[in-house]
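The chains carry the letters A, B, C, D, E and F, assigned in the order they are written, with residues numbered from 1 in each.
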Amino acid sequence: MNNFLLFPIIIPFFFAMILMFGRNNIAYQRITTLFGLVLSIICAAGLVSKVYEDGPQIVTFGNWPVPFGITMVSDMVSALLVLTTLILALFIVWYGFASIGKEREKFFYYSGIMFILTGVNGAFTTGDIFNLFVFFEVLLMSSYLLIVLGGEKAQLRESIKYILVNVISSALFVITVAYLYSVVGTLNMADISLKIAEIDQPGILTVIAVLFLLVFGMKAAIFPIYFWLPSAYSAPPIPVLALFGALLTKVGVYSITRTYTLFFTHDLSFTHELLLILSILTIVAGCIGALAHFDVKQIIIYNIVIAVGVILFGVAQMNEAGLEGAVLYLIHDMIIKAALFMLIGIVIYVTGTTNLRKMGGLMKTYPALGWFYLIAAFGLVGVPPLSGFIGKLLIVRGGFEAANTWTTILVLASSIIVLLSAMRIFIYAFWGEQGQLSSKVQKNKYNRLFIPTALLVVLSIFYGIGTEWLMPFMGDAAKVLVDPSIYTNAVMKGGN
Amino acid sequence: MTILANILVVFFIAAGLLFLVVAAIGVLRLPDLYTRAHAASKSSTLGVMCILLGVFFHFWLKEDHFNPTILLGVLFLFITGPVGAHIMSRSSYIAGVKPWSGTMRDELKPEIERMKKEQNIE
Amino acid sequence: MTYFLWAAIIIVALSIVALVFRLVKGPNPSDRVVALDTIGVALICLVGLFSMLIDTSFFLEIILLLAVLSFIGTIAFSKFIEKGDIITRDDSR
Amino acid sequence: MFQVLCIFIPLLAALFMPFFFKKVSTIHTGWFVLVVPIFLVSYYALFIPTVSKGDSVIAQLDWIPSLGISFVSYLDGLSLLFSLLISGIGALVVLYSIFYLDRTKEQLHNFYIYLLMFMCAMLGVVQSDNMMTLYLFWELTSISSFLLIGYWNNRDKSRFGALKSMMITVAGGMMMLGGFVLLSIMGDTFSIRELISQAPELSTNDLFVVALVLILLGAFTKSAQFPFYIWLPDAMEAPTPVSAYLHSATMVKAGLYLVARFTPIFAVSEIWIWLVTGIGLLTLFWGSFFALKQRDLKGILAFSTVSQLGLIMSLLGVGAIAFHVDGAQETIFKYAAFAAIFHLINHATFKGSLFMIAGIVDHETGTRDIRKLGGLMSIMPVSFTVALIGSFSMAGLPPFNGFLSKEMFLTAVLSITEFDLFNFSTWGVLFPIIAWIASVFTFIYSFYFVFHTFTGKGKIDQLPHKPHEAPMGMLVSPVILAGLVVALFFIPNMIADTFIKPAVMAVQPFLYSSPDQIDIHVAAWHGHITTELKMTAGIIVLGLALFLTLSRWQKIYSLFPSKLTLNNLYDFIIYDLFDRWAGRLSGLYMTGSIRRYLSYMLGSISIIVIATLFMQDAFRMNFDGASPIRIYQVILIIVLVIGTITTVFAKSRITSIVALGLVGYTVSLFFIMFNAPDLALTQLVIETISVALFLLAFYHLPKLKKEKERTQFRFGRAFVSIAVGAMVTLVALSAHSQKLIPSISEYYKETVYSLAGGGNIVNVILVDYRGFDTLFEIAVLSIAGIAIFGMIKLRLSKKGEKL
Amino acid sequence: MKTNDVIIQFTAKIVFFMIFFYAVHIFFAGHYTPGGGFVGGLVTASAIVLLIVAFDLKTVQTILPINYIYMVAIGLILALGTAAISMFTGKPFFTHFFDYFNLPILGKTSLHTAALFDLGVYLVVVGVTMTIIQTIGEDE
Amino acid sequence: MEIVMAFVCGFLFMAAIYLILSRSLLRIIIGTGLLSHGAHLLILTMGSFKGSAPPVLSDGVTDFVDPLPQALILTAIVISFGVTAFILVLAYRAYHELKTDDMTLMKGSEDNE
């Protein structure tokens, strides 16, 4: 029995509890948070190497036989995502030291972050569909905490919308689980996979598959149900936004990936075709939004939507290249979105506005910021050798291999829109005549914001250049997704 | 024994039902809040106590299962039912719910006015 | 006996319907609260009778609970009606 | 290994530029930079003996071996030629820039970083055998050119031009990537050499044509072919050394390189030949024609570059015909490829020098507007001579190298008509005609450029600066290039043997096994009067006539509608369609109103699900095994429905909350009915506490108002809610009717006492079997608790902040 | 307007204890009959709410001086700790232990780590509910 | 009964969504309350009502109803309680800060252009 895979979930959970004490002692809060994060990162890294050596790690709680207890499964996909999540959280927390403000730190900001990490990591790791719901709720509830913390007007206004949407999606999630339980009579994901294979996915399961797609799609912000995202994400402070932008939609994407590769693989011509169409429409919708705005936050936020579309496009191909690309791109996007949000956070800090038309000439005053932004932007677009390239390449390859020629070309074309939107920020904010500058900039605070951001960008560069070292891991991840039997066998034999 | 027990149970339940129905009719038909609250509190408390006793005896005598929670429940209802109705009526009066036009005597009114005067509230 | 219980349940249920009518009709909130309180009482009866009907004692816990909650509800509502707020921070002021 | 690293030497050197600029402020940073291209030229020169024999040198550095992606330095004739051009012209341009850019006024380190980055990128493009790294460098050229064009980013036009060039070239690059991926899937390799070796099999693939078109898109955008040329004139905002380097000699040639490189793979396709030749000729004509409309010296050169690129492109297209013919005809088409490479070299020399002259004129007079210039000949004699040489070469006059390649070009287009495949014998007649007309215009604009600047009546005193001859250092580079222009005319065959023939081998590898087999002899005079010579004579006569009457007919350019140009199309797409219309479009539905969003979302969810339900034929309604309906249940349902309706239509807060409480209690009664005591307990308590919370919050909430709705939205709202209700019901019915596999819960019933030591199965599931759920469910509660605490206690909202 | 609340306050005092003991009963009954940590916690909380309604926040705080947020944290730690005990013995997370003992007065009783977990749940539920109600109540 | 319950759940969802789409915050919150009721009943329905005794061991009873959905509902109930409490407080905080409870006035689109 192997409890090790639990540590990246339980350690943040435990620290979240610890942090509920002594909320007025900021030094204690910060140090404890950092300590907890570092500890979890070490465990997560250990987990990745263990999964790499021994295959998927399984633990079924309470020593119950498999479909009856709750099983946690850490395969390569989830282990990698867990590690990425924790690393990003470390950077964002670090960044937040300088920007989140003492008031928020005193009101359970760090607890909220630790809880959200618990939720996200749990959702990545769990092998039980109802438990997935519970973890979703954990991360949603903590996201409510974080989005509303501070009680500024815009925050309150947008949180209502955000919460409303998520309440509805949670209700839909629960009833979808109920439908699934009604038909296959089990909740363990591996067991569900086997049972669906046994009855060869009749029509009703396809309907449930579509429901799952839409439920998770609501979180992931796919096409007809992404509307809530841009306004909701515009409200919270930058570190929280970075956390959300990097993690939350990705949990939805992960869940779609998981269910669509593990459960519903017997009627590809319907389910995955639908996924393909929706992903393309998502890209288009994201592109329209990214072009429509001259607000730095909104541009990056819409880029989340585009990226979600691209990843799901890769998933919809259901071949090894596409899935491997999807995993690579997923992790890339988590890193780069966090970095971009942190960067524009600094831009907003030094200019005091989010409106691009008021900015200009930052390249002269803050050249390093400009360079790092440029690198991150090209990474976002997928310019080699930066981080987005290999993922996009594999996704495109998967698309062509699956004979979706025209849609694949569309995906490629979307990169140009991404480029235009990212370059628009660069040209307006960094080039040109000197624009608005905030009078309150302190050099010290700027540096404290800039260092973690720069390091994260550097990390993304390494992610791109050092892809070769990652490929074995990514290959493992893709294999699990391509062949559900690896997952189900590991779970069913107990995974010792 | 069983028959005797049954008769006891049926008796209690029937009585309780009667009170309950009366209470329900009262709440439905009586003209104002205070009269309705009266029906609701007195009659229904009695009704529910009877029925619970019936249930208690049923389980005790027939199933041989002495259940103290029911007795506790009876006691609880006995304490709280009237108190609840009282509080409710008083609050409503203070909040300004007018009694039925056919009300004969309103003893609370001068008292309230006296208190208002004491605390200088208009 | 079963038929008797059936009849009893239906009578209680019907009186609940009557009370619900009052609850919906009003005319003012206090009436509704009184109706709700009485519904609570009727529910207690219903639960008791129902446990007899299906011969299980597991629902009897609910009886006391209902009584408790109905009382708390009534108190809370009355305080709300009286003061517009059910919790006062400091009465001595 | 070192060979691969050489590609990166400029990039490495770039890292030190800020240091040189900041610390060594007395010496112009350019001198340090100059070392790099000079080193590279000498390094690549070492390969000449090997490569001119027809051999190739390859070195490899793995990047992502598991995907077959590696940095490769593959030096065959074509690559080496380009590498030498890049480093050679690079050296001259750096030298020129040292005098052109002022050390004290400019951000030199930035400039040289971009320039070195570009040099690295270009070397990478032409040496990469691996398509992915080729793409990598390809994008790097776009990026560095973006940075170079935007070097003076305070100017609006610089930013505009930078963005335009990047958008167009990167878009092409993306498409090219698509083509590469398609090719790699067909041939299962990223290596171009390996693809070439399996070229015949590739052509049978269905997607072969798609790959072809995608790759051509990349090449055409980069090489500024019609209709993508529009970025090149706007790129003239870059400092002139940049234009001389990027926009005449190197970057725009990357597209030509790509076409040449992929010719062996795609030449089998008719579409390839038609597209490359046709677009090339069209560009040739279009560029030369519109060059005369320009008033800006660099604008003229930009259009002339466009047109010359078209010329080379069409030559490459004609050269591809060689794969389809054999015997006697073959030699004619071989000429085409040869001429393409030859003209490519020539163009680099004369166009580089012309750009530098334009820069000198700009630098010394302060303007590039040809209408303000004139009569500079006497003041700037050296510049004038260089310009004259360059222009005459461009116009195709002897004794300059342009004459030779132009003759060969004419030979090539003439030969097309003899080719009787792919309809060339009928439509091919157009080709020489277009080529000839275009050559006439080329002649005119060459003269226009040189004579309108240097001769005639100058308004010299009206110029921004008082003009004088450029400093010596600045003249060195153009003079060297002009010297080459002349030299190449006299020693063409030496150049051909060393450089051109090996390069032609790379373009047409199936035809030869060694460069010696290419029996082409370049000569200015073939001993008799050929058709080509007659055509040249015609060009000169007509060209001179038209040039002398230029001022009379130049007005016809104003007849062309200014609205319908490609530039306007680009502006329309980028600024109208993308900026404004996208904003308006998204403004239509992204209104910020959550009700609207929710209606869209829920409406589409229910429609998609219900549609799936019926498309998959999944709807069943099966009454078997349903438990019976009891009267008290019906009564409860009635109560529930009444309560629900009351909540919907309640007019006061209390009523709605009481009604909600009623629904909650009814639900708990349902739980009792359905044998769930634990649920009933929990639901009861929770409902009560929720009601208490509602009452608490009411103190702070306003009274309910009657809702005024627009009828339209009211219907939409009703529709959405009915659709959602219907979806839930329909799916529930069909899911219930298709319980395919029995539940796992029997296990719990059997083991609850023996293994878990409990009696209440639900509770045991909660704390034991599925205790993990419970652990996190209380976590959710805790978070809610602290969130509410924080929300109420912490208020950062500033007074007077707008809603 | 200030009114005297003698009746309600007197009743509340008595009823509070009834409810509280009832809650404890429900809590312990949970493993074998309906009930458990949740319901127990919620009933306890509602008993405290009753007190608050009948009296006022300040009075109740002097009677029950508890920091409810700490209570939540302790409850969580208790629950997690109980679940984690088994990790130290090499069993999977959340493995519970129980045995039957013959205790002097109570007779045959089962002692169960699950009850400890449930106690955590109980504390969290009480803590959270009271945190919410208290903070809302304190709000201006 | 399951068939009827399916319709009841559908009805609850319909009413809930109708309320959620209204302008007033309070109605929206009540809508979310109805929504969770509907979801919980639906889980119970989908678990089927087979079996005649509550899932609590007692002598001689073997015909229990399916306990698993009940456990799931219990979890869901508690979670939705937390969410309801949160959203309620959020609503009144928002009302205090924004001085309106009308969703149509909470667009805020002018901030983000």
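Everything that follows uses one rule, which is that a contact is a pair of C-beta atoms (placed from the backbone, for glycine too) under 8 Å apart; a residue touches a chain by one contact, two chains touch by 3 or more.
Note that the coordinates shown come from a computational prediction; the quantities given were computed from them, not determined experimentally.
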How many links in the shortest chain of touching chains run from chain B to chain D? 2
Sorted by label, the chains bordering both chain A and chain E are D, F
Just to be sure I understand: going only through chains that touch, what's the smallest number of steps from chain C to chain D? 1
What's the farthest chain from chain E if centres are computed as the mean of the Cα atoms? D
Which of B-C and D-F has more C-beta contact pairs: D-F
Taking each chain's centre as the mean of its CA atoms, which one is most distant from chain B? D
Can you tell me which chain is nearest the middle of the complex, judged by mean CA position? A
Centroid spacing, where centroids are CA-atom means, of chain D and chain E in whole angstrom: 64
Rounded to the nearest Å, the gap separating the Cα centres of chain C and chain F is 22
Please tell me the distance, in whole Å, between the geometric centres of chain A and chain D computed from their C-alpha atoms. 27
Quick one: chain B and chain F, Cα centre-to-centre, how many Å? 32
Can you tell me which residues of chain A touch two or more of the remaining chains? 13, 20, 61-62, 69, 130, 134, 137, 141, 144, 148, 151, 153, 156-157, 160-161, 164, 168, 175, 179, 181-182, 187, 230-231, 293
Please set out, as single numbers or ranges, the residues of chain C touching at least two other chains. 16, 33, 54, 58-59, 61-62, 64-65, 68-69, 71-72, 75-77, 79, 82, 86-87
Residues of chain F touching 2+ other chains? 17, 20, 25, 38, 42, 45-48, 52-54, 56-58, 68, 74-75, 78-79, 82-83, 85-86, 89-91, 93, 97-98, 103, 106, 108-109, 113
Which of the chains touch, listed as pairs? A-D, A-E, A-F, B-C, B-E, C-D, C-E, C-F, D-E, D-F, E-F
Touching residues on chain F, where the partner in the complex is chain C: 52-54, 56, 58
Report the residues of chain A in contact with chain D in the complex, numbered from low to high. 13, 16, 20, 61-62, 64-65, 67-70, 101, 103-104, 106-108, 111-112, 115, 118-119, 122, 130-131, 134-135, 137-138, 141-142, 144-145, 148-153, 156-157, 160-161, 164-165, 168, 172, 175, 179, 181-187, 191, 195, 198-199, 202-204, 206-208, 210-211, 214, 218, 224-225, 227-228, 230-231, 267, 270, 274, 288-289, 291-293, 361, 363, 378, 381, 383-385, 389-390, 393-394, 396-397, 400-401, 405, 408-409, 412-413, 415-417, 419-420, 423, 427, 431-433, 465, 467-468, 471-472, 475
For the chain D and chain A complex, residues of the former touching the latter: 62-67, 132-133, 135-136, 139-140, 143, 150, 153-154, 156, 159, 162-163, 166-167, 170-171, 174-175, 177-178, 181-182, 184-185, 207, 210, 214, 574, 578-579, 582-587, 589-590, 592, 594, 596-598, 600-602, 604-605, 608-609, 612-613, 615-618, 620, 728, 731-732, 734-736, 738-744, 747-748, 768-773, 776-777, 779-780, 782-784, 786-787, 789-791, 793-798, 801-803
Show which residues of chain D lie in contact with chain E when the two form their complex. 677-678, 680-682, 685-686, 688-689, 692-693, 696-697, 700, 756-760, 762-764, 766-768, 771-772, 774-775, 778-779, 781-782, 784-786, 788-789, 792-793
Residues of chain B touching chain C in their complex? 6, 10, 13-14, 16-17, 20-21, 23-25, 27-28, 33, 36-37, 40, 44-45, 47-48, 51-52, 54-55, 58-59, 63, 65, 67, 69-70, 72-73, 76-77, 80-81, 83-85, 87-92, 94-95, 97
